[in-house]
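Here the chain labels run A, B, C, D, E, F, G, H, I and J in written order, and each chain numbers its own residues starting at 1.
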Amino acid sequence: MEFLARIDVNLPPDMDPGAAEELRTRERERGKELWGAGVIQRIWRIPGKRAVLGLYRAESATSLQEVFESFPMYPYLDITVYPLADHALEQEPRH
Amino acid sequence: MEFLARIDVNLPPDMDPGAAEELRTRERERGKELWGAGVIQRIWRIPGKRAVLGLYRAESATSLQEVFESFPMYPYLDITVYPLADHALEQEPRH
Amino acid sequence: MEFLARIDVNLPPDMDPGAAEELRTRERERGKELWGAGVIQRIWRIPGKRAVLGLYRAESATSLQEVFESFPMYPYLDITVYPLADHALEQEPRH
Amino acid sequence: MEFLARIDVNLPPDMDPGAAEELRTRERERGKELWGAGVIQRIWRIPGKRAVLGLYRAESATSLQEVFESFPMYPYLDITVYPLADHALEQEPRH
Amino acid sequence: MEFLARIDVNLPPDMDPGAAEELRTRERERGKELWGAGVIQRIWRIPGKRAVLGLYRAESATSLQEVFESFPMYPYLDITVYPLADHALEQEPRH
Amino acid sequence: MEFLARIDVNLPPDMDPGAAEELRTRERERGKELWGAGVIQRIWRIPGKRAVLGLYRAESATSLQEVFESFPMYPYLDITVYPLADHALEQEPRH
Amino acid sequence: MEFLARIDVNLPPDMDPGAAEELRTRERERGKELWGAGVIQRIWRIPGKRAVLGLYRAESATSLQEVFESFPMYPYLDITVYPLADHALEQEPRH
Amino acid sequence: MEFLARIDVNLPPDMDPGAAEELRTRERERGKELWGAGVIQRIWRIPGKRAVLGLYRAESATSLQEVFESFPMYPYLDITVYPLADHALEQEPRH
Amino acid sequence: MEFLARIDVNLPPDMDPGAAEELRTRERERGKELWGAGVIQRIWRIPGKRAVLGLYRAESATSLQEVFESFPMYPYLDITVYPLADHALEQEPRH
Amino acid sequence: MEFLARIDVNLPPDMDPGAAEELRTRERERGKELWGAGVIQRIWRIPGKRAVLGLYRAESATSLQEVFESFPMYPYLDITVYPLADHALEQEPRH
């Protein structure tokens, strides 16, 4: 099933810049893997916020939670999950 | 640009059933046109609510508003719009 | 997976009493079927409110929504869904 | 009676890792005791949050509070309690 | 155990005045019984609101709910319940 | 007149344990005085929170504020005050 | 003591215009009495709202509630009360 | 025109006591000047909060903001401003 | 001074269509006058809502309220007002 | 298109005063550039808050986000964005 998730990133302001940069690099790498695998279906930045909105595909909230815990930045994330139900309109053809 | 929109449907409970059904049919037809044209990129039902979540592509909030006003059900809709900014991860290849 | 759902019942105050009673009877019957089948795992009344809290088992938000739409009272319900992830403690033995 | 409780865990980000790990171990042990004794009837993780949802059985809010204070992590918990009333449907037979 | 309950009264504005008055009379009678029996421990009006705050003594949320349903005005009430735990200070002597 | 007050206690997590214990002792002593004098009419713990709910008798908000400022812990308290009006039911006899 | 009160006026939209006008006239008369007597110390309109903000002098919430119930429009008012404590600065001289 | 302003005071808990006391003294002095000049028309303490409610007279929000910035404590204040419109009742005579 | 105002339009759903259209025409005429006079400095539609956001110039909240009451639709409007203070950047030259 | 943005400034209270002043100077310079270029159409201070309200012109939320990230103070800003749709009244002539 699909889930929408708003992910707010709260890095401590006094984090060592090198450690922060390394964390961001590892986060980007993990993001690429999940994007490549189709777990992340879509992703946007929320303008003005240190936050992203992601559309995830996962079998259940339990496996979604495992995805979240695989993020290197997980200890610094506050995530709000919205479960989504399919809509019949998506069965219609595109022009 | 892309917009996320939550659309709550508030048909009056005492609406004539025939008129309500005709309105729903016309709404579905308009939905198919917008889906076919790619204006509606994705659409989901919000479980438990008389509401949908839609991902729209429109040049501006002004043209998005024109899309909303083209819905036959527009007088009965309460819509909340969230502007979205692109995320670099979407430039990455899928496996 | 499991979902917690708060279900608020908003019967119109001027509903015909006989129609309301018949609706309640049909709702109870549907409830018994879902309870018997284990779709409703647990159910409580929220004290002071015309509302119940239910623990549902469903494959996805899409099938949960189908369950909701099978309620005779569905047009009068406002439902808020909370997705739940498993907790390791439940693997432990009861005394 | 039964109570639903949302428990948010707010460990200080600069807590000594060894002390944090020892605290988690002791918390798990206490959790097993309460689970084994049936005080914790059900427990779930709230996806994306450092929080759990628990279904507790206790004689009163006073004894529930004693349970909470027996958690090694209690000084770091923010707990919201929802009292629950029984629902007649639970008297029905399972298939 | 003790519960605090805020009770908002929403009589329909177009209710027949005679029926409303009779309902208020019956509500007062039921209130006297519950007050006399010590189920209602304390009761206040919330200034400016069509609402009261009541301190109730009941064995559980289930029996509290039965008390609420015994109110003649119950169909018109919106009640919010707060469970209370005992405080050690109340064991101290009054001067 | 009577006031209901929710008092949240926010001791700094890094407070010296001895100083915290001494503060709690002094707070208890002041509590006993106010309880003994009938200024605190009733007091409960809010389950799961570092907070109490108190029923106070004071001539005005000004004298209630003086009571609050007499608490040794006052600098660490966040207090929300609800003014209460008398209810006629309390004139009725107890059985 | 002094209380600040926000008073929202919710006249039913389908009220008979003559009855509404008569009600407004009687409300103004009662307002003049309370103003003249110093019960209403100050009064303002909240711009854009069908609401006023009033500064009241009353011995207690109980007598304030009696003032509110003396308003002809009371059945149509939603009032929120804020208790106020004196501030030492008001003892200072004006230039 | 008149503005109502709620001013919450957030002095850092670890502020040097001497510096805090000196700041409070300077704040009181500035308060006396503004009170004397009639810029502060009325002022109250909000019971239980480290906050005051003030009634200000200023030509515009711009000049009100200049008043706020003249407070020695301004860096530690969180202020919420409510614009007020005159009410005709204040033209009436006091008895 | 300048005020930002969000204006929500709540025409009754069962209003006579001819009367509604006439009201809209008169509202547009009044809008043109206020726009022409510079009282309305800027105006936008809030996408998805039956609401506009307006930037008003008025001497005080009292005169702003008079502007609002001059709207033919005023009885159906819910308006929220935000007072604005000047910002020094606006003194800078445009390129 | 146009966007309204509320920008709250959260400089750490223990920031080095020289560094803070230099940051403010650079922020002002960037502000002048964006004002000069018409990206910032209007800007106000929110009275009582460490916050401004800005009216921005940008092609999309993506380019607006680039503007935000060009602010030297961006790491300390919390920004809330409101998309705006054009209103027909702005086509009318000024007197």
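Quick notes on this structure:
As a working rule, a contact is a pair of C-beta atoms (placed from the backbone, for glycine too) under 8 Å apart; a residue touches a chain by one contact, two chains touch by 3 or more.
Just so it is clear, the structure is predicted and the values come from calculations on it, not from any experiment.
Interface comparison, D-F versus F-G: the higher count of C-beta contacts falls to F-G. Interface repeat of A-D: among B-C, B-J or C-D, the matching pair is B-C, sharing over half of the residue-numbered contact pairs. Taking the mean Cα position of each chain as its centre, J sits at the greatest distance from subunit E.
Annotation: 40 Å between the Cα-based centres of subunit C and subunit F.
Subunit C and subunit H have centres, each the mean of its CA atoms, that are 51 Å apart. The centroid of the Cα atoms in subunit B and the matching centroid in subunit I are 27 Å apart. Multi-chain contact residues of subunit H (touching two or more other chains): 45, 47, 61-62, 64-65, 81, 83-86.
Under the touch rule stated earlier, the contacting chain pairs are A-B, A-C, A-D, A-J, B-C, B-I, B-J, C-D, C-E, D-E, D-F, E-F, E-G, F-G, F-H, G-H, G-I, H-I, H-J, I-J. Looking at the complex, you find that subunit B touches subunit I at residues 5, 7, 12, 61-62, 64-65, 68, 75, 77-81. Note for the complex: subunit B touches subunit J at residues 1, 3, 59-62, 64-65, 81, 83-86. Per the touch definition, subunit I reaches subunit J in the complex via residues 2, 4, 28, 31-32, 35-38, 40, 42-47, 52-53, 55, 82-87, 89-90, 92-95.
Taken in their complex, subunit C has these residues touching subunit E: 13, 45, 47-49.
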